[in-house]
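Down below are the structures I want you to see.
In what comes next, chain A is part of two complexes: it sits with chain B in the first one and with chain C in the second one.
And then the complex of A and B:
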């Protein structure tokens, strides 16, 4: 007789009236809700299930009719094969390095800058913030031509680095382009939610601005930092377009490219593609399962301003 | 604390903003502003196929993209048939994907907003498709729609709904529908997340009041939920539309713009022009068109439906 009561009954009760037995309606509504959500979840997970079972079927079973929805001879051979026959350890390593470095850069700069935008009035701060946020609207694909030109022949640093085409550095630099503005924006919004009185108290206690930031505010911003880091990592890990444009060998190709390479002109090696695809999707799925609340809060902070 | 020390601290404090904001601004100037300027410059150039040098050609790239050609020169006023058909494909793709995923996402968000046991797990289960690499999702759906061994034909034939396999990806209309299915699958979670957050802003007492008044479900949604949800809807739709116009991943790995050119959209046209055909000038010009379109869409959406961008 607690949460399950409807508003009408709570009011009836408050007025001293007799409550009505609404149990059948409430129960039916719940059942319908669960049923609808259940159907939805089953339908959207079916393709994931199908690609997963494809990855643990031998190639002969993958290409046989009628198709099987429960693998008859489960095997991990496809996973062994892709590491044995293709440089999948390189692809995985590249993905890890690129996504991690991009994340560290964006979180570090995003946190520092986000804090300043949240707390200080400085020359043109509103305009600067608006342009940083506006930069998120620039479609990355629109910039493939200049990025290809710039990375092939970098200005200023070119004499020192040579061409950056087909290097992990090119990918890292490029990925900061859509992750940094996002990081600044999430962190700014996050710091807006941390009471400014904390900064003031710290300063009264004799902290400098730096100390107040690093000792008091930064530890409180951990959830915001986690959200930013997870999203930046996922975005960089999954990125495809620039990797397609800026890389050409296993020196720098990442997992999304590796998976697409299973598609030859007229033949697709589905069993091995499925195994590679599962490896590429794994971090995202794991992050989703264990850090769902950070992903949700980061996206919400990033998209909607309170 | 000595006076010297205090002076140093004050000096360091004054440097806080320049030192924390400066590096980011320099970085952004190098990685966003400079490439954007370079994009505008490239769109006015054409690569000489013999010398490989970029030559200034003014607005000719744009003329070539937008208008039909006759005897080597653009016929102003008559549109390039490619431009017309790829724009139509883009409108169909984005229009259907966004509408369907919005309605579906709204429905699921409303269901998930109820006080349910296992809500956290359901939410996780629902957002996973959005977190997977788009390339992987695209290939996964290509596999689902595969004619002989794909799961969709498998299910349909094994349940006896159809007798012969449907060649989904080799028919223009069906391929576009398959793409829309994949796009809806990938991006509905995004709508759900944003709308679920928005639903937290609806004050519960208002629902109670509406229920007491005996308002119908529809009128409760329209008069109570919608006004509070409107800012989130605007954000979700805006981001969804501008991200769909630029999306290459799904199209490229699922259909490659085919069969023929039935699913060629702006993004794949841009990539094909710039990278496959190695024509950076026209590719950059398309990039400028895409960039301008994005800003126009955001401006229109916000001037019609909202106050100011990102101020929901």
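And then the complex of A and C:
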């Protein structure tokens, strides 16, 4: 057997195929598939890998030439620095508060509203749903000036006269505005996929409309709720432009802003920026990995009739 | 246990009248089946009884109580849905317990009833599984169990067997019959399947267009349909309808002109049909009441050509074209050797004839037939 053939057979063995002298189409197709997927995986993970290694390099090594793809002197100093020299715990806290509160509001209101749209036949419900979801179609950037003005001089409600500029409340309200329509839409679709006979059976079993919702329908809607929560959380966690415009200090600034602050006019502090980037990205990645099964099932629910 | 009384019940959805003034007495311990094509209002009627829809007009009584304004859970009913509506996140046991818990039933009573019902339906070993882990037939049993465990006054069943395969459906049908014998709970059952209706019901209510077309014991309704809708809906293959003109024969007797070979009207119906002389009426005869005659051309024997032969196992259905061009289906014994293109003579069983008004579809002899049955 020639060297070339034995190499092919080794690949075949690795792919779980019988070794043979001919090069079957299936194996070829499989090889191409794996090659393409491999390239794709490398392309999407490389920036994350690069940021990670940068974050554990000392500043001197970051810009050294040739570039080192395996850190020569790994260190956690950058992480220590960003918490020691900058109020990173504030930024993290702000991010957690803003993202969590937005998520809770969106999930609560989105679930209740979605259920109403799914189950109750009230006057104008189709138009209302369209107008709610339609609001989300406007590019956020187009609304940045009105949002800045509203938050700086909020309408007088209940005697409140202060400004919401540079508060976490401003961010929570803004993120809720952008995420709630999506939450309503996902949850409505989800509830549409839950047969109405379950509500009715619950009522026959002795439930009021509220009890039927809380005891029967809501527990079944967990995947939909998880999908809504993750999308709202990740959006709020990552959002940059509105946070940049509506906040100005550590009182309300979130992690994406904090990371951007490492970029000065004439100097970029790459090592610390990378460490901040990893801190900022971690929850999103972990959430995504952990809950991705729910995102898929939550988003596709109701797509086909079972 | 309770009877159910519907009085002039109306249900309108926007501009559609789904239930159009139906009145019906459903006796205590009876098994009443609403049967009709889809969209006839049978499910809406059931949902009105269940309290899942509010009646636009009319009255619903369960026992002595008018329940129009009562909520579903105040009506002491249990329902089995077409898709079973089992709570997917609860185990079989919890599905069965839920209704009892909602009614604050004491724990030991719940345990006892769930145990008894599971034993009755032979689902004890399924109690800790979730609905998704059950087969269609098992889900069906659990749905029944959840209704039975409540020990309600009335069972309401909305096409509960329609999601099962043919074999299982026949089996469950028999079990439902047995269960009703054992429990004697008043049952209202909705189906579009006339075989199910015939086999299960003590009382059958044939519905069309939001109205009850006929109520009665299944065999009575089958043998004595009040109109062409009922006649055509019950029975498979459905009743033959042959239109012809009423004329007087030389003998002075009444006959229906079916081309070359007239059909003599039996004497007992002659008086009734006499005043329709010269008008067109419709003769109805069920395929199983049409037989092949060896007599050749004789009175009431109609020659024709076999167009289609459909062997169905227990019988063979022939589609025969009469000389007038009208086709008639005949259900004959399976061992009869008939082939497409054969010339045959059809004989209509004289006791099984029906005559209908072509305009209204009403039977012209319904009262005569039912009276004859009573006196005989």
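The working rule: the second predicted complex is superposed on the first by the 269 of 306 C-alpha atoms of A that agree within 3 Å, B and C clash if a C-alpha of one lies under 4 Å from a C-alpha of the other, contacts with A are read in each partner's own complex, and residues count from 1 in each chain.
We adopt the following convention: contacts are C-beta pairs under 8 Å (C-beta built on N, C-alpha and C of every residue); 3 or more make two chains touch, one makes a residue touch a chain.
In this text the structure is predicted, and so the values were computed from the model without any measurement.
Following the overlay on chain A, give me a clash-or-fit verdict for chain B and chain C.
Once chain A is superposed (C-alpha atoms), there is room for both chain B and chain C without a clash.
With the two complexes superposed on chain A, say which partner A:205 touches: chain B (first), chain C (second), both, or neither.
A:205 contacts chain C only, not chain B.
Tell me which partner A:216 touches in the superposition: chain B (first), chain C (second), both or neither.
A:216 sits against chain C, while chain B stays out of touch.
Looking at A:149 after the superposition, I want to know if it touches chain B, chain C, both of them or none. Which is it: first, second, both, neither?
In the superposition, A:149 touches chain B alone.
Applying the document's definition of touching, compare chain B and chain C: which contacts more of chain A?
So, of the two partners, B touches more residues of chain A.
For A:84, select first, second, both or neither according to whether it touches chain B, chain C, the two together, or no partner.
Neither partner.
Of the partners chain B and chain C, which touch A:263 in the superposed model: first, second, both, neither?
first
In the superposed arrangement, does A:14 touch chain B (first), chain C (second), both or neither?
neither
Figure out whether A:195 sits in contact with chain B (first) or chain C (second), or with both, or with neither.
It touches chain C, and chain B stays clear.
In whole Å, how close do chain B and chain C get at the C-alpha level once superposed?
The answer for the closest chain B-chain C C-alpha pair is 8 Å.
Output the chain A positions appearing in both contact lists, the one against chain B and the one against chain C.
none
In the complex of these two chains, what residues of chain A are touching chain B?
3, 6-8, 11, 30, 33-34, 36-37, 40-41, 44-48, 50-51, 54, 62-67, 69, 109-110, 112-113, 115-117, 120, 122, 128, 132-135, 137-150, 155, 173-174, 176-177, 180-181, 184, 208-210, 213, 234, 237-238, 240-241, 244-245, 255-257, 259-260, 262-263, 268, 270, 273-274, 277, 280-281, 284-285, 287-289, 292-293, 295-296, 299-300, 303-305
Enumerate the contact residues on chain B facing chain A in the complex.
Per the stated touch rule, the residues are 9, 12-13, 16-17, 19-21, 23-25, 27-28, 31-32, 34-36, 38-39, 42, 108, 111-112, 114-116, 120, 122-129, 131-136, 139-144, 146, 148-151, 154, 157-158, 185, 190, 193-194, 196-198, 207-208, 211-212, 231-232, 235-236, 239, 242, 245-246, 248-249, 252-253, 267, 270-271, 274-275, 280, 283-284, 286-288, 290-291, 294-295, 298, 309-312.
Spell out the residues on chain C that touch chain A in their complex, using ranges where they run on.
For this pair, the touching residues of chain C are 50-52, 71-73, 77-79, 81-83, 85, 87-89, 98-99, 102-103, 150.
Quick check on the complex: what are the chain A residues that touch chain C?
That would be residues 195, 197-198, 200-207, 211, 216, 219-220 of chain A.
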